[in-house]
Every structure is written in C-alpha cells, then in structure tokens.
Amino acid sequence: MNEFEARIRESFGRQTMMQTLGAELAKIDAGRVTILAPILAGSLQQHGAGHAGLAFSIGDSAAGYSALSLMPEGAEVMTVEMKINLMAPAVGDHLIAEGRVIRPGRRIMVVAADVWSVTADKRKHVAILQGTMIPV
Amino acid sequence: MNEFEARIRESFGRQTMMQTLGAELAKIDAGRVTILAPILAGSLQQHGAGHAGLAFSIGDSAAGYSALSLMPEGAEVMTVEMKINLMAPAVGDHLIAEGRVIRPGRRIMVVAADVWSVTADKRKHVAILQGTMIPV
Amino acid sequence: MNEFEARIRESFGRQTMMQTLGAELAKIDAGRVTILAPILAGSLQQHGAGHAGLAFSIGDSAAGYSALSLMPEGAEVMTVEMKINLMAPAVGDHLIAEGRVIRPGRRIMVVAADVWSVTADKRKHVAILQGTMIPV
Amino acid sequence: MNEFEARIRESFGRQTMMQTLGAELAKIDAGRVTILAPILAGSLQQHGAGHAGLAFSIGDSAAGYSALSLMPEGAEVMTVEMKINLMAPAVGDHLIAEGRVIRPGRRIMVVAADVWSVTADKRKHVAILQGTMIPV
C-alpha cells in the first residue's frame, strides 16, 4: 500500500457520513479514487430513488480523495465548491462514484466525478460533478 | 395548514435521507422553505465538522420544496442540477437551510438556498446553493 | 474617490473585453459593484437576444470587482469558477450586472451577481451568478 | 454536409457574439462540436490574458451546438445554466473549445466543454464547463 493510500483510508475512516451511507473505498490510484455505496433504505428521496445528497456525498468524497492523493504528506483536503448535474434516478444494486483530478495545483485543485448506478448486467450514468478542492 | 404545506410535509416524510440526517421541516411559506438539522455524530467529515453532503442534502431539499410550494397540485419536483459553495466549517448546535425560489417557471424553476450553523448566541453562514428544479 | 475605486477603475480600463461589449462601471461600493452594458448588435445569440456570454462577462467582472474592493492594495483578482443560471432572454435597452461579496476571505472570496435587463419602465431578472475569486 | 451541420452553421452565423470574438466552427460531429477563436486585442482581462467571458462564450456555444446536433430538426437550443472552472490563463495563439453531450434527453440535455489554449508546439487546458441545455 503506497503512502497516499494509507492517508486516504485513514481520512475516509474518520468521515462518519460515509459509514452512515454504507460507503466504502473501492479503488485508489494517484489522481483517481472510486467509492462504492449501496442505496440504503435510509438514503432515499420521495420517489424511492437515492437522494441527490447520496450521489453528491460520495461524488464529493471521491473527488476530494483524488485530490488528496496528489497533495504532499500532511496535507488535508477541503471542498471549496462543487456542482452536480443529476441525469437519471439513482436506482439499482449500488452506486459507484469515480473521482479524478482535472488539474492539480498547489493552491487550487480542479476535480470531477462521475456517479454510476449499477445492476447485475448494466451500469447507468446518474450524475456528474465538477468542483474545486484546496489543501488545508 | 394550506394545501402546499400538506403536500410538502407528505413528500418530506418519504425522504428517508432527511430522517437519517435527523432533519425536519421548520417553516413552510410560498416559495420559501426552511429545514433544520442537527450535526449528528454520523454526518461528519474527517475533521469533525458536518460533511459537505449534509449541507448539500438539506440545502437541496429546502430549495426543492420551495419550488414545490409554487407548483400545481399533483406535481412532484426533481433536482436537475445544484451548485454549492462552502464558506465555513459546519460546526455548532445545528444547521438551518433556507430554500427559496428565484424564478418560478412552468418548465424550469431557478432556486437558491442558504445554510447557516447556529449556536446559542450566533449564526454563521456556512454554504450557499444555486440550482434548477423541474416538475415531474 | 476612495482608494479601491481608483484601483477598480484602473483595472476595468485594462479589460478590453468590457470595451468591446460597451460596458462601463456604474457604481462602486465596498463589496458591491455595478456594471452597465448595452445589448450591442455584436453581442447577440441566434435569436437576437444578448448572448449568454454577455451576461456572463459583465456578471463575472462585477462580481470580481466587488471582491477586489475588499482586497488589500496591490492585490489583483482572478476568477476560479463561476456558475450562471439564465432565467430570461437578455432583451431591453441595456443590462445591469450587480456583483457582491457573499463571504470575504484572505484566500478565497465567495461572490454572486444578479443581471437585469432594463427598459424605460421596468427591469427583468435575467441571470444569477455564484462563484469564487482569489487574490493573485 | 449532413442535416444538423447545416442547421448549426446557420444558427452560428446568427450569433453575432461569435463574430465579435472572431470565433469559427472548426468541427461538427453528432454530439460533439469544436469552436476556434483567436485571443483578440478586444477580448482581454486586466492582465492581458483572454477574459473569462471569452472562454465561457465559446465553451457555451460549443456545448450548445453539440446539444443541437442531437435535437430534432426545427428545434433551437437554449442554455439553462453553465458552470466554468478556469484552470490557467488564456494565453497563446488561439483557443479551442470542444463541446460534447454527456446525456441527451428530450427535455434536458447535459453538456460539457473543454477549452484549450494552443501555441505552435503545445496546448494547455484552460477551462472546463458543465451545464444544461433545453430545446425551445
């Protein structure tokens, strides 16, 4: 396990929101982090699909940790702003959020994430996020 | 209780994400809806403040219900996109999200929300949201 | 003329895009700057209304200068990100963009702007912007 | 020349803002449209780089026409909202904006664009846009 993976797993473990949502780190590469989450009975909107806040939360964390993977040891990451476009209802077996760094920078990191809903035989693109992270 | 308040309370009651976050409807007016949420031990980011997804979730729902309050009976509301700027850590006794309609429309509703953290003697502006809702 | 007004007028004078669009500084207060622009024959989209880029350009500059008004002397301002919701066609005698600082900060300034179209007897809210500025 | 290319060229020709900025259509495919623009002396911000409004304008138009390419004949396209993250100063020989459809829909089209600055021997990623288009 490389150095940034240890840092990311440690930080993720302190994000109690991720535990509440049942989310887990699925894949960690430099500049690219994937989070997987079930669509729990407690994460729904009024029509029975995953709440926008579920897709946002795992997309934001995946994007944030993709940024952290490129930051120097000892740094922590904070979301400055994040925008989400919701493209389809979050229904299926679970969600996958893939975060990535679009442009690393010392002061500002531009990040993005895709959120997919997954069933046994297909996956559907349910949301895209674009935002800004800073080291703190 | 006016007609849209009943509709909003009924829809909110089906958003299990709001129950998971401990959120409740605090005030319902035409075009303006306020949601209150504690900062639960299960809603935190890695530094012990409320997760961006908490502020997003209640801001998004407050904005969505402000839109629903101006939609015809029988309509339901869906988030097309939402952008959040995070301005301060979400720490305090609880959060308040005030959603409002900036421009109502038959096809498209432009909405906004402010999120405040509240302690016994002061409140702090922690996030602003700007987005688009559609009737479904 | 106070110190920040001189700085803003000098910087605005170097923004040749503002001259191309016929824009001018209409009002400068601490944390709040207004820009006025005609809807020139050369600023249109395909239906004959002002192009989204016109509302964006003056909204972005108004927001940026509202941030600059609160920055220390010698600082310059740069847009990190900006989001615009377009609410009505930009038609009328001219446009007014009112920029304001939502939250000042040493590293990050959160800003917003409203764009209005104005005719002899009424004004219409055509766009809202929400974004992030940094000192450079 | 296919049917949507004719429609896009005709619509682009009516966008006088594109002529003011010296922009031209460089490539038109289904769901993907590229616009090229010089960094004119009249398109600058205060530091001599291209104004945020230049990158926004060509990015927005490229994204809009990528959506129009997938709409039925007779439709026209309108920007509902657009967010831009600016990643580097717009300096170089010219800019290229590549717009694409992320998710087509009958009511709502989710689009994105990348803006690059180009010099003789390299290109630099200067901005990304993410937004919503609707047919009108």
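So that you can tell them apart, the chains are marked A, B, C and D in the order they are listed, and the count of residues begins at 1 in each.
The definition used in the following text is that a residue touches a chain if its C-beta (ideal position, glycine included) is under 8 Å from a C-beta of that chain, and two chains touch if they have at least 3 such contacts.
By chain, UniProt protein names: A, B, C, D = Medium/long-chain acyl-CoA thioesterase YigI.
These numbers were taken from a predicted model, which means no experiment stands behind them.
K.L.:
If I average the CA coordinates per chain, which chain comes out farthest from chain D?
P.N.:
Computed centres place B farthest from chain D.
K.L.:
Select, from B-D and A-D, the pair of chains that is joined by more C-beta pairs in contact.
P.N.:
More contacting C-beta pairs are found at A-D.
K.L.:
Please report how many Å separate the Cα centroid of chain B from that of chain D, as a whole number.
P.N.:
33
K.L.:
Express in whole angstrom the distance between the two chain centres, defined as the mean CA positions of chain C and chain D.
P.N.:
Averaging C-alpha atoms per chain gives centres 21 Å apart.
K.L.:
Cα centroid separation between chain A and chain D, in whole Å?
P.N.:
Those two chain centres are 28 Å apart.
K.L.:
List, in ascending order, every residue of chain B touching at least 2 other chains.
P.N.:
80-81, 83, 85, 132
K.L.:
For chain D, which residues are in contact with chain C within the complex?
P.N.:
11-12, 14-17, 19-21, 40-48, 51-54, 56-57, 60-61, 76, 78-86
K.L.:
Can you list the chain A residues touching chain D in their complex?
P.N.:
83, 85, 87-88, 102-103, 105, 110, 112, 125, 128, 130-132
K.L.:
Would you mind writing out the residues of chain C in touch with chain A in their complex?
P.N.:
So the residues of chain C touching chain A come out as 80-81, 83, 107-108, 131-132, 134.
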